[in-house]
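Below are structures written as C-alpha cells.
Presented sequentially are two complexes of chain A, the first with chain B as partner and the second with chain C.
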Partner chain A sequence: MHVTISQLSGIVAYEFRMHWRRRSLLVVTLAMTLITVVLAVVTAGEMGQDSMRQLVSQLDQEQGAHGIDVLTFTILFATWAPVGGALAFVLPVLVADTIPLDEQLRTRELLDSLPLAIGVYLAGKVAGVFMAAMTGIVFAAGATAISWWVFVGPYDLVSYLQMWLLGSGALIALNGSLAVLLAAGQPTRRRAALLIIMIWGVGVVALGSVLAGDSNLVAYLSPMRAPIIMRYTRFDAYSSTPVPFLSADTAQALAIGLIEVIIAALVVWSWMRRRAQRA
Partner chain B sequence: MSRHLSRFAGTQNLYSQRPRLAYVAQAARLSLGLVGAAGIVFLAASLARGVPLSLAEVRSLAQASALALVVSVGWPAATAVILGWQQRGLFAWRVSRGALAWPLIVGAILGMGVFLLPGADSVMPWFDRQRAVELGLPLAIGIHCALAFAPDDEPGLEVMLACPRPLAWALLERLAMIWAVFGVIGLAGTLAGMSAMPGQAGETALLRWIPPAALLSGIGAYTTLRTRVAAFGAAITAIIWFVFVFFSSVLLPNVPMIVPLNYLTPVIWPVHPYLQPDHLSGGDYGLNRLCVLLVGIGLVRLAARELRDSERVLLGASRRGRQAGG
Partner chain C sequence: MIEIHDLTKTYVGGVRALDGLDLEVGSGMFGLVGPNGAGKTTLMRILAGIIQPTSGTVRVFGHDLHTVAGRMAAKALLGYLPQDLGLYPNLTGREFLDYIAILKGITEAGERRRQIERLLEEVRLVDVADRKLKTYSGGMRRRIGVAQALLGDPKLLIVDEPTVGLDPEERVRFRNLLSEMAARCTIILSTHIVEDISHSCNDLAVISQGRALFRGAPADLIEQVRGHVWAITTAGERPAGDLMVVSTLQLQHGVQYRVLGAPASTDGALALEPSLEDGYIWLMRQRRGAA
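Take a look at the complex of A and B:
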C-alpha cells in the first residue's frame, strides 16, 4: 500500500510539473485570468455610466430582485463564458498528449519494466492533470475574485468560488480525464491531439443540434457538457443567492460524465494490460 | 546528380542576391511599422475625442496596411514561389505527403457534405448553407497547419538541421501539400455549392473561404512554432475560428458595443476572416479579403522565420536567451 501511494504521488508530482513546464496550461490560465479582469474593468465602466445601476433598479422594481443578486449573476455569467469554454473545448486538446508522450519519448518500455501497476499509472496521469489544472483554477479564481471586488464592488463570493471550484473542477475532472484516457492508445502527441479534436468536433456538431432542441440525451453524452456549461447562463439564477452549482441538470450531467470516464478508464486499463501481457 | 548540384548553385545565386533582398525587407518592415504607428495614433486620437473611429478613417488605415503588406509579404511570397519552382527538384514531396492527417481531411469532406445537404440549415439554426465551405474547411486547414510541424514532435530534427537544405523548406513543403489537398476539396465544395444553390457568384464563393483559410493556416503554423506545442496551436486556431464565426455580426463597425470595446470593434473589420459580402460595401469587402489573405501569408512567413535559429529550434531557447542565461 505504501509503495502504491508513493508511486502514485510520484507520477502526480511529475505530471504536475511537466504540464506547467509545457507552457500551454500556463497560457490558458493567464488568458482566463486576463479576460476576466478585462471584463471586470469593462463592467465597472458600464456601472460608471449608470446603465448597470438602472438595470438593477429596473429589475428590483419589476421582479423584486435584489441588487447584489443581479450583480452576482452578471459576474458569474461574464466569468463563466470564457472559463467554461476554455475548460470544455481547449483543455482536453492540451492534455491529450499526457500518455502518448511516454510512447513518443520511448519511456514506455522503461515503465513496463518497472513494478508499476497499470491502474496506478493511469490514476497518476489523470490525477496529475487534475491537480495541475486545478492549481491554475485556484490562482485564477483568487485573482479574478479580487479584481471583481475592487472594480465592481461587493457580490456573493460563495457563489463565485463555488462556480470556479465546483464548476471548473467538474469540467476538468470529466473532460480532462476523458481526453487523457481516450488518447491513451495513440503513438504520438500529434495523433493524440488530432483524435481529441475529431471527437470534440463531433461534439460541437452535436451541441448545435442540442441548441436547436433536438435531443437532450446528446447533451448529456456529448463531451461538450452542455448542462454544466449552460449552468450560469440562465437568467432565473439571480433570484436566489448563493447560486448553487448543483442542480438536477448538472447532477445528471456529472453522473453520466463520470460513468463515461469510468468506462473509458476500464477499457484503457484492459487494453494496456493485454498489451503488457503480449509484450 | 549534376542536375541537383546545379540547382544547389541556383540556391547560391539566391544567397548572392541577399543584400538587395535585405534592403527590400528593411523597407517593408519600416512601412509596416509606420502604418502600425499611424494606427496607434488614430486609436489614441479617437479615445481622446471620445468618439470611435469612423468607417472612412479605418478604411484609409486598412488601405495603407494592405499596401505595406503587399510590399512586405506579397512580394517575398511571390519571390519564394518563383525560387521554389526553380528548385523544385529538391523538395521532398513524398515525405511531406506522410504528414497529411487523413482523418482530418475525411472529416472536412464529410462535414462539408453534410452542411451542403438540403435541410441542413433547419437542423442547425445558426447555419447558412451558402457558408458550407467557409465554415468547416478553413478550420480544418488551420488545425492541420498547426499540427504540420512542431519541433518537439520531429523525430529526425537534428539530422534535418544538419542538412544543407533550410529547415523552413520542410514546413513550407508540408503547408503547400496541405493547401494543395484542401484546395482541391474546397474547389470541389465550391462547385457543389454553386450547383446546389444557383445564383452565387463564383469569385465571391471562392473569396468566402480562401482568405480565412490562409489566415487560420498562418495562425496555426505560427502559434505551433512559437510555443513548440502542436496541440496549443490547434487550440488557438479553433478559439479564433469560434470567436469570429459565432460573433461575426457583432465584430463590425456601427454595431452598438459596450465601452471600451466600442473603440476596438470598428478597427477589426479589415482583418475579420468571416466578414460577409453583405456586411459592408463591395470595395470594403475586397479590401478585407486582401488584408486577411496577406496577414495569413505574413504569419506563415513569420513561422518560417522561427526555424532560422537552429539553437532555438533544437533546444527551445534563442541564442540571445541562452547567452543571457549563462
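Take a look at the complex of A and C:
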C-alpha cells in the first residue's frame, strides 16, 4: 500500500512537471489570462469605472432583490464562459497525448518492466493532468480576479471563485480525464489529438448542445457540459431566487460525466490488462 | 535461478520468435548470443514480464511469470535495460532516475538520493545530471539507461545489446561495472557481438531461430572448433578446401587468411589457437550445413 501511494504521487509529480515543460499548457494558461485581463481593461475603458458602479447599483435598486449582483454576473459571463469553453474543448485535445507519449517516446517498454499496476499508472496520469491544469486555472483565476477588481470594481468574490474553481475542477476532472483515457490506445500524439477532436465533435453534434437546460439527459452526455459551463449565466441575474450552489441540472451533468469517466477508466484498464496478457 | 521450459512465442502475424526453448540460468553473468532476429529480445521481454509467451513456463526466482502476482513479484527484483530505451526528453537525468526509482518501489527519498548519486558517479554522469535528457548524446543516454537498470539493487539484471552505441572505452568501463554487479546478482546480457561476452561471461547460450544451439562455458564453445582454425598465406587467391574465411590481412608479399574448416592441403597452413568468435561462427556454420 505504501509503495502504491508513493508510486501514485510520483507519477502525479513528474507528469505535472512534464506537462508544464511541454509548454502548451503554459501557452494556453497565459492566453486565457491575457484575454480575461484585456477584457477587464476594455470593459473599464468603455464604461468608466464610476459609471459602471453607478449602473450596477441603479440596476440593483430598480430590480429589487436579486440572486447575484449585476457586476458579478457580467464578470462571470465575460471571463468564465470563454475559460469554461477552453476547458471543455481545448484542454482535452491538449492532454490527449498523455499516455500515447509513452508509446511515442518508447518509454512504455521500460514502464512495462516495472512493478507498477495498470490502475496506478492510469490514476497517476489522470491525476497528473488534473493537478497541472488546475494549477494553470488557479493562476488565471487569480490574475483575472485581481484585474477585474482593480479595473472594473468590487464584486462578489465567493460567486466568482465558486464558478472558476469548482467549474474548472469539474470540467478538468471530467473532460480532461476522459480525453486521457479515450486516447490511451493511440500510438502517437497526433493520432491522439485527432481522435479527441473527432469524439468531441461528434459528441457535441450528435448529442446536442443544450444551452437551454431542460433536463435532457442525453444531451448531458455531450462533452459540452453546458449545465456546468453555464452554471451562473443560465440564471436570471434579476430574479429574487439566489443561484443554488448545485442546481439539479448541474448535478445531473456532473453525475453523468462522472459515470462516463468511470466507464472509460474501466474499459481502458481492462483493455490494457488484456493487452499485457496477450502481447 | 531462472528456469525456462519449452518456451514458445509466436507473434501476431505468425513469426515464431521462440521455438521450444529450454534454459536454466544460475547466478553470475550469463551471455545470450545469436544473430539478429534470433529471438534474444523476445526472450528478454518475456523475462521482464513485458510480453507473454505463447506456451511454456518461465520461473524467475521461483515466481511464475504466468500469473499477474508472479510477474509483479519478479519485476520487483528486476533491472532492465531495453535494447532501445526511450527517455523523457524534458526531465533531467537526475529527475529521470528519481522517477524510475519511485516506480521501482523505493519509497524513501533519502535512499533514492543516495542510490542516484552513487550510480551517477559509476556511470560518470554527475556533471550533466541536471541537464535535460534531450541534450544527452547517444553514449550518455546509454549510460543513464544503465544507471536506471541498477536502481534498487536488482537481483536479476537484464541488459539487451547494452554495448551498442558505446565507444571502446565506455564499453570496457561498462563491462567492468557489470562484472562487479555479477558478484551480487544474476545478469543476463544479450549481444550479437561475441567479443562482448568472451571477457566476462562464464556461462552462455547461443540461440538462433528461437532455439538454443549451444549451452555451456565459453571454453567449451572454443573447444568445438579446436583443430579447425588455420592461418593460410597465399599470393592473393582464396585458399582451396571446405573453408570459411573469418578474416583477411593484406601483407607485403601476399594475403593472410584466417579460415575455419579443413584446408585442401595443410602445407603452409598454420594451426591457430581458436577464439570464442571462431567457436560461434563454427557452430552457426555447422547448423546451417545441417539444415
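The rule is short, and it goes like this: the second predicted complex is superposed on the first by the 239 of 279 C-alpha atoms of A that agree within 3 Å, B and C clash if a C-alpha of one lies under 4 Å from a C-alpha of the other, contacts with A are read in each partner's own complex, and residues count from 1 in each chain.
What we mean here is this: a contact is a pair of C-beta atoms (placed from the backbone, for glycine too) under 8 Å apart; a residue touches a chain by one contact, two chains touch by 3 or more.
Computed from a predicted structure; not experimentally measured.
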item: Joint occupancy of chain A by chain B and chain C, clash or fit; value: fit
item: Which of chain B and chain C A:190 touches, first, second, both or neither; value: first
item: Angular separation of chain B and chain C about chain A, which is computed from CA centres of the superposed model and rounded to the nearest 10 °; value: 80
item: Partner chain in contact with A:96 - chain B first, chain C second, else both or neither; value: first
item: Touching partner for A:201 - first (chain B), second (chain C), both, neither; value: first
item: A:156 touches, of chain B and chain C: first, second, both or neither?; value: neither
item: A:42 touches, of chain B and chain C: first, second, both or neither?; value: first
item: Partner chain in contact with A:22 - chain B first, chain C second, else both or neither; value: both
item: Contacts of A:69 with chain B and chain C, given as first, second, both or neither; value: neither
item: Chain B versus chain C as contact partner of A:113, first or second or both or neither; value: second
item: Where chain B and chain C come nearest after superposition, their Cα distance in Å; value: 7
item: Chain B and chain C contact sites that coincide on chain A, given as residue numbers; value: 22
item: Residues of chain C defined as touching chain A within the complex; value: 45, 48-52, 72-73, 75-76, 78, 80, 82, 84-91, 95, 99-100, 102-105, 107, 148
item: Chain B residues within the chain A interface of the complex; value: 101, 103-104, 107, 111, 123-127, 143, 147, 150, 152-153, 227, 229-232, 234-235, 238-239, 242, 258-261
item: Chain A to chain C touching residues, read off their complex; value: 2-3, 6-7, 10-11, 14, 17-18, 21-22, 102, 105-117, 276-279
item: Touching residues on chain A, where the partner in the complex is chain B; value: 22-24, 27, 42, 45-46, 49, 85, 89-90, 93-94, 96-97, 104, 188-190, 192-195, 197-198, 201, 205, 208-209, 211-212, 214
